[in-house]
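Before any comments, here is the structure.
By written order: A, B and C. Residues from 1 in each chain.
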Amino acid sequence: MRRIAPLFGLLAICLLIVLLQFAIGAGIVDEYTVPRPTAIAAALPRLLAEEGILTRFLTTVAETFAAGAAATLVGTGLGAALYRWPLMRRSFEPWVAVLAAAPLVLAYPLFLVLFGRSSSTVVVIAFASALPPVVLQTVAGFSAVRPVLLAVGRSFGLGRAAEFRRVLLPAALPSVFTGLRLALMFGLINVVGVEFLINLGGLGALINDLSERYDLPGTWAAIGFVVLVSVSLFTVLDGGERWLQRRR
Amino acid sequence: MLSVANVTMRFGTPADGVTAVDDVSFDIRPGEFVSIIGPSGCGKSTLFNIVAGLQPATSGQVSVEGAAVRGPHPAVGTVFQEESCFPWRSVIDNVAFPLELAGMPRGERHDQARHFIELVGLRGFERRLPSELSGGMRQRVCIARTLAAKPRLLLMDEPFAALDEQTRLLLGDKVLQIQQTLRQTTLLITHSITEAVQLSDRVLVMTYRPGRLKRFVTIDLPRPRTAEVVTSPEFGAAVASLWADLREEASRGMAEAGG
Amino acid sequence: MAAILLLGGWQAMALSGLLFRDVVPPLGALAAGLWNVIADPTFWANALITGGELLAAVLIGGMLGVATGLALGASHVLSAAFERWFTWLGPTPKIILFPVLILFCGVGPASKVAMGAVSCFFPLVLSTAAAVRGVDPVLLRVARSFRARPWQTVLKVYLPATVAPLLNGVRLGFGVALIGVLLAETKLSNQGVGFAVMQAYARFDMPRMYGLLIVVVGFAAAVNVALGHAARRAVGATSKKET
């Protein structure tokens, strides 16, 4: 039963979609709120041909990776620094935690004033939102390295730099990767969110456009497309994370 | 070779503290295998950390080959109680780690590492990751890694503590073999009497809190020894005499712990 | 802690310098902006609306999420069939659903509640399912050995054993619900704190915008800390002692 359960789940969801199609056809569900699934599917080629969804996709992906890569690099560096200097950690970590819990994306009007309605605004907001969780994750990762591994390093006479490069970093690699995953996740959420809110650039703006034109099947299709993008991104990242952890 | 002189280690404040190691002195001659046994909580591991240079003593001095120990000494190799393989390195890269630090080229260090892998009986497992090995095999990788640095003094802190009884006996055999081929000067810390008697030339008994040296016992069993040595009457006599000493300390420890 | 004060003082110097003319106001103007926000009755009216929306969102999204999570956690089959869908949808940006939610719920507060509830739903499903599965099987065997009835097992074992991870789930859910509600308000609304931020932006009233942001960040941090603290206390009470 457990073997075929995923298949069963897929079937159940397909059935739901078919039911929805008939419910709309029968007038139980309002067609002007939820378009027919077939209409949504039919809208996809139109998005490809007329709305340039692929270019928009590339814009969103580029912005996400820019923000995510920057947040991973800076966040891992800051995390390592906080781990290295306990006094700094004691004074700053609570503030980083506050920022991680704060709805930083709400400050987007502020960034609009700073950077104008441009791609850099989108990237900077996504970077700022992704940074605190990455820092927290990295500090936790370094702190979780088993002390005996550090003792081995010291028993072989490793200095600070060699200890970091040969013991700390490889030992904490899975959590650094988790940091990357977090960075891309927060990056994507905020990039699409801000694109939608300020109606600029990639997929988020496309959804905003389509909905303002009351193009319902198009809106739903674009939403489906974004979900697909994010699902495939995280499937790849999860796979990488599990592979790294299995080596432990 | 190794000289420990009046080493004392106190934790906490002078008014309200614990003396883990109290005025311990002993020497180890080159080629000698010495074990320190004592009940849990007698400060064996603290003494180990001090000798390994991982922790400074409150007072007293440790010197290796006449030079005072102030941090990990290059002539001293350490094997830890806990699992300490680098999980991201294959067996051969774990063993070659100290050689890599010394800047030895890859081919050469792998050749040398292979020799030590064979010595601990892990031939054929060079490319495996530690997560693919059993606990006993991983501990053997750690022993090989320490030996690869060619230490003149080998320190082992209960290296078999985390293993089951059978693996323990087999690994003890392995250590005995290595000891006989390399004539490796070794200080082993353990709480197992049979292990200590089977392997050592001399056994030091420590007291429970504060950790002092209670007695030196010379083990006069002939070498080379094998696992069969445990059945000889001399072995039985040595174990019985040590057990009498230890029982007193262990029961004192249990009484103090309120258990 | 002293270092924090030092940091504050240093930052004050950096900010009062003329880095970006109007965008980085000196601390005095910031404090004035913050005070103007706190002393302003319309802010509290907006805060009340946003707070109400948030509460409704967390209640609705949270209860649905916990119920779904319980079902997934208790049944291997359901979990194998459906949990991956929730895991996949978890990290997708939820704000893109807002246009659709407006169609369902109109432009009023209901669509903001829906936005928050949708955001809050996913983290709670996943953390509840994980929490239920994380219950030590020994405890369940104990309950069975005492012939506890199913409802007793839920009440006396599952619930106390999962309080801590559940509170953590609520903490995560609260955070994303707050973001969902506020962003929805900035997009399309004529009331609420998100709307107030947009108003300040439109009037280029930077001190007021900072004031609003500080209040929001402070509120989010306070709730986060409180829930985190409660979760830690629950861990201390329910988990085995460390050895």
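One rule holds in what follows: a residue touches a chain if its C-beta (ideal position, glycine included) is under 8 Å from a C-beta of that chain, and two chains touch if they have at least 3 such contacts.
Keep in mind that what you see is a predicted model, and the values were worked out from it rather than measured.
> Using mean Cα positions, find the chain sitting nearest the overall protein centre.
Smallest offset from the overall C-alpha mean is found for A.
> Which interface, named by its two chains, has the most contact pairs?
That would be the chain pair A-C.
> Quick one: chain A and chain C, Cα centre-to-centre, how many Å?
18
> What's the distance between the Cα centroids of chain B and chain C, rounded to whole Å?
Between these chains, centre-to-centre, one finds 52 Å.
> Centroid from C-alpha atoms only, then distance chain A to chain B, rounded to Å. What do you get?
Centre-to-centre distance between chain A and chain B: 49 Å.
> Where in chain B do residues touch at least two different other chains?
In chain B, no residue touches at least two other chains, as defined above.
> Among the residues of chain C, which ones contact at least 2 other chains?
Touching at least two other chains: none.
> Taking the touch rule as given, give the residues of chain A at its contact with chain C in the complex, in rising order.
Within the complex, chain A contacts chain C at residues 1-2, 5-6, 8-9, 12-13, 32-33, 87-88, 90-92, 94-95, 97-99, 101-110, 112-114, 185, 188-190, 192-193, 196-197, 203-204, 207-208, 211, 216, 219-220, 222-223, 226-227, 230-231, 234-235.
> Residues of chain B touching chain A in their complex?
So the residues of chain B touching chain A come out as 52-54, 71-72, 74, 76-78, 80, 82-84, 86-89, 97-98, 101, 129, 131, 149.
> Across the complex, what residues on chain C touch chain A?
Listed in rising order, the residues are 1, 3-4, 7, 20, 22-23, 76-78, 80-82, 84-85, 88-89, 91-100, 102-104, 175, 178-179, 182-183, 186-187, 194, 197-198, 200-201, 204, 206, 209-210, 213, 216-217, 220-221, 224-225.
> Quick check: in the complex, which residue numbers of chain A touch chain B?
146, 148-149, 151-152, 154-158, 162, 166-167, 170-171, 173, 246-248
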